[in-house]
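This structure is in structure tokens; I'll ask about it shortly.
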């Protein structure tokens, strides 16, 4: 009996998810033992044509990390979708958009303006732009199209499972892979992590008061946090209460607040909004002006609450300002 | 489109297939149909997902209207109901009942308010129809997700409380005590009786006020079912309908109430030989001693020591002749505030009113000219137990020969109170009669309109006219001591337009009586917060419905009686007190109340134990189980605000009837189609 | 309808979340008093403004609302004692977040309206409608599976291999 | 101490027959460390009989003054515009109300302003100088400035019709006391009298009780005030309106004859009383323009221990 075939692919990502696979250490050997990896651009020299040559559905599973920003990424994941029995969105970027998704706070134009013109490292700031198609001595050359938005994987193709995390914790990866290999398939659409927030496994949970009220929010560099007390109780914006567990609360163990890479639990539609609601509830004062002061202590609220989930959020991206209209301002 | 995740939807909808929604659009006569195209709304509703049938009817709240719903439910045509009609605050209970009559959980029901929120407020018919459609779609989308809920019941405690011991509170307390209920009657002043005890006569029959009130006061004292707490106030209310815990503070009288016999020997023997301090009961027209009893029939007949004026309290040096005088050793100068906490099933608020402060209208000279009086002061002058033993005298002891009564002082005045105080016309006529009878003076009444609706009222007006009281129709511009002619010298002059003869008149008088209006008690806002009820913009307590629930409030188990709800004369006050008592009795005798189902709960397996909700609950209904690391809502204590649900960062807290999924669907519904 | 045409005939759509005890009752009072106001506001009744989850506001925007209005009891008057303060805290933080999303602050409004202030419901609904009308429609984009990206080299490669 | 200067709209009366009002206000404000800057290029306020003929035109006149004043604001903030004559005060205040209530009237007047290249944004606050004296400068500073307490001087403060009608912005409509508090602060004794806001007849005389439209009515009205004030022992009547001042001052001889009661009581501007108490030169206060001016024979009690007489 031939081993099930699997593929790995990366889109708009940092490479950390690939590292995470490698970080499986010996476990990776079990995986390799159990499956036949037919496509893994970061590690093995297979071509897209090899994938295209497969039968539809021939791949038992593909693991795709990264968000989708270019036409090339979209096309390849569509191809992989056709060839795969199960698609796993691997990591925060593929599931929710991740850090690259924060690019949705800018328009495509402004990104190109910056990258091709304004950035300090651009020497020839003449406004040159990538040309998607041009003739070269070798023939006609084409570059992928740079899309308007960063999209999550399931905004492009059907996704069967999601592995959360930036990057996904080794234990969850191993569990997921083995479950797929052994045919213990969870319900489609499942997130392959515990459906309960991080406080459930945080060793500092017991130090959080029942009636916690915050009088000032701090950013991590502003204070030296006590290493044993709940970080929220110290005024640090920790997204643990609104973020899935399964990571082992490693950031908190390193005395850093949770930034939400494991995404929301299943009952939450918009991770950032719910995190915001919970954080706002901690504000002590009733005075509108003082509330505004506390709210302002959370510098960059979009980046704080939507660090990993902007493209998956209800608003998806920053709204382009409407053209100025006539009519009186009220 | 929002697809709620699997976890967001609630329990299976019904045992026999998915939701089959019936939409019933009410014409409300022409109230809705006159503006909204009912047919278009029905047609639209029938195209919405899960809608099995859409109908319309002239009056959905009528028996045949409700029968439409019940029949469709009974026949299995529908299993969920949307009624598009008036506000849910009006008829939600009616249609929930109809849904239950049809054999479904009453909570498989949702209302769309297309009258108060659409037809009555939208100028354009087409726009109104579109808005109605949107609201119907919202209701349809949401009701499809409603979960099966059992109505909740709570027991009602048998004891009851009345706050305020004026005629309203007295009557309500006696009625309920006579029905066998134990009543706690709490009064702030040292005695019950309220304003009515200050009056001499009552209109239009001219009954002696004391003659009809004091028997009721002594009935309160002697009724074994009534615990009377005077000089006391409510300082805390907790719990909910059927089970309130009320904290009452008793202010120290420095006299043991159970020992004092009301012999008043101590007052006689007080080191102050004469009264020296303003007597509140006589509106400051006489003086009392630091130890006093408000009036001879005060109930309870227990003296009070006023620490503000008592020499012992002020200097610590007094022979304390009062103590010597007391045969029963009733004095206790060490007394401090004490508190009682009682549990009651329902409460009647009868906290009364205050009269308008005439000094706010300097043009009438109150406080400036000594012979300008308020009507309440004149009531005391007329009262045989008052400062002048019933003689109408000016400050210098002389009798007035000409008296002017100015109506509507503070009432019907855009600068003060817009409302009509309802009683002033009649009491001004009464005062005119009494003053004329006692002094033979010429009496002028200055009025804007005469308002005398009520049994025997117009006849009383007629009688006063025949007695020769002058009636000048016109608002008084001012009261002045400027003499423009010799006959005005040493008089007060009332300047008013007489609109009946079309000229401005200056009428010299000896005495001016200001018919001050009725306004809310100054602490009405505090009381309202304490009892969790609402006030109108003017500050009177708001009844649940002006016609159909005139003594109920938006807080179940709290009822209103008397002028705390709005200006009222004695007959209306007593009638309302009786009604409030009847409502309480109906509730207590049934023994249980139905509670709103909209409590919060926490889905145990999703709760991470983050405790965000625990501290947020204003009613401490959420507790944290340290062992299991989960939060838990006590649904008996929960009042259903949903604050915890809005805050729960993992969607574990949900509110019945207001789940996230239901609200998301309603949002989508009101936007998706129209 | 073209974008331009939609803007020309633009009628703002506003979703309102009113608390049962004060603002919803005030809206009823506006009705009873026959106060006419703009039909653009669609009211969703909640028991308390403290129930408003920031997700509701975003969901309303996502579903096509151009503005969101939240009405609660005046400070100190909450039927549930504290709920409106919680609304205040959340909405303040949400407003600051929406700025980052490029959404004009005026598209989200929190108002305290007591049960007796029917006229205030009328005024606020009219004001808000006119303000949103002046701002124009909220232009949210939808992430779509058929992105406008032109077929690129990989696409051709796939076609070659599979044909 | 505030060094704020105020935009001052003088109007015709307070620069004409009642110029002593402007002079004395100017001197008193200066003395108190602040100052009045006359609005440049001001025009008629549009009071007089014009509103009865064409209200919009009358408002437009006031509106021009307001628009000019607005330009005087140092930044985009509000600007206080002081009008001393209560006729002007009322006219400007009413125009301000009309302009701030968006409506066809405001639009029409806005159009008129536009035609002369002006624009009104609603940043003015029309105020009366005694409002400023009382509520901005404050009684403490006024008390400190007194060098000659007017102890024993009985003053009938007469407010006239328009200071509190139709808008009572800083004082009680029926029983104003702002002027009483000011004269009390300089040691004088305000008398209690009921005619503080009774009409002096100024609006129906337009030329005086002799040649005006309704001489008899005017005489009656003015006389009632003078009679009541003197009856109650007033040494002086303090006014805040050039028309009232003139009307009560000018015809006492005729009234004495007409009503058979001797009348000889100075009618002055309240600012003149304040100025005298502060030791300001009588000329600067325009005292020489008054027909009658005498402080009572009662010698003022010398200031004790330097409390009032500042070192």
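Going by the order they are written in, the chains are A, B, C and D; count residues from 1 in each one.
In the analysis below, a contact is a pair of C-beta atoms (placed from the backbone, for glycine too) under 8 Å apart; a residue touches a chain by one contact, two chains touch by 3 or more.
On a predicted model such as this, the values are computed, not experimentally measured, just so you know.
Chain centres here are C-alpha means, and the one lying farthest from chain D is A. Compared on C-beta pairs in contact, A-B and A-C come out with A-C as the pair having more.
Inter-chain centre distance (chain A to chain B, centres taken as mean C-alpha positions): 57 Å.
As a whole-number value, the distance joining the C-alpha centres of chain C and chain D reads 52 Å.
With centres defined as mean CA coordinates, chain C is found 28 Å away from chain A. Rounded to whole angstrom units, the spacing between the C-alpha centres of chain A and chain D is 73. Annotation for chain A: residues 268-269, 274, 277, 280-281 touch two or more other chains. Annotation for chain B: residues touching 2 or more other chains are 2, 616, 646-647, 660, 664. Here, these are the chain pairs in contact: A-B, A-C, B-C, B-D.
Those residues of chain B lying in contact with chain C across their complex are 1-2, 87-90, 113, 115-118, 120-124, 127-128, 130-131, 134-135, 138, 529, 532, 534-537, 542, 554, 598, 616, 618-619, 639-643, 645-647, 655, 658, 660, 663-664, 666-668, 670-672. Here chain D touches chain B in the complex through residues 172-175, 192-195, 224, 228, going by the rule given at the top. Against chain A, the residues of chain C that register as touching in their complex are 7, 53-55, 57-59, 61-62, 75, 85-86, 88-90, 92-97, 100-103, 127, 130-131, 133-145, 147-158, 161-162. Every residue of chain C that touches chain B in the complex is listed here, in rising order: 13, 15, 20-22, 24-25, 27-28, 30-32, 34-37, 39, 42-48, 50-53, 55-56, 59-60, 62-65, 76-77, 79-83, 86, 90, 114-117, 122.
By the touch rule above, chain B contacts chain D in their complex via residues 361-363, 365, 368, 415, 478, 480-482, 484.
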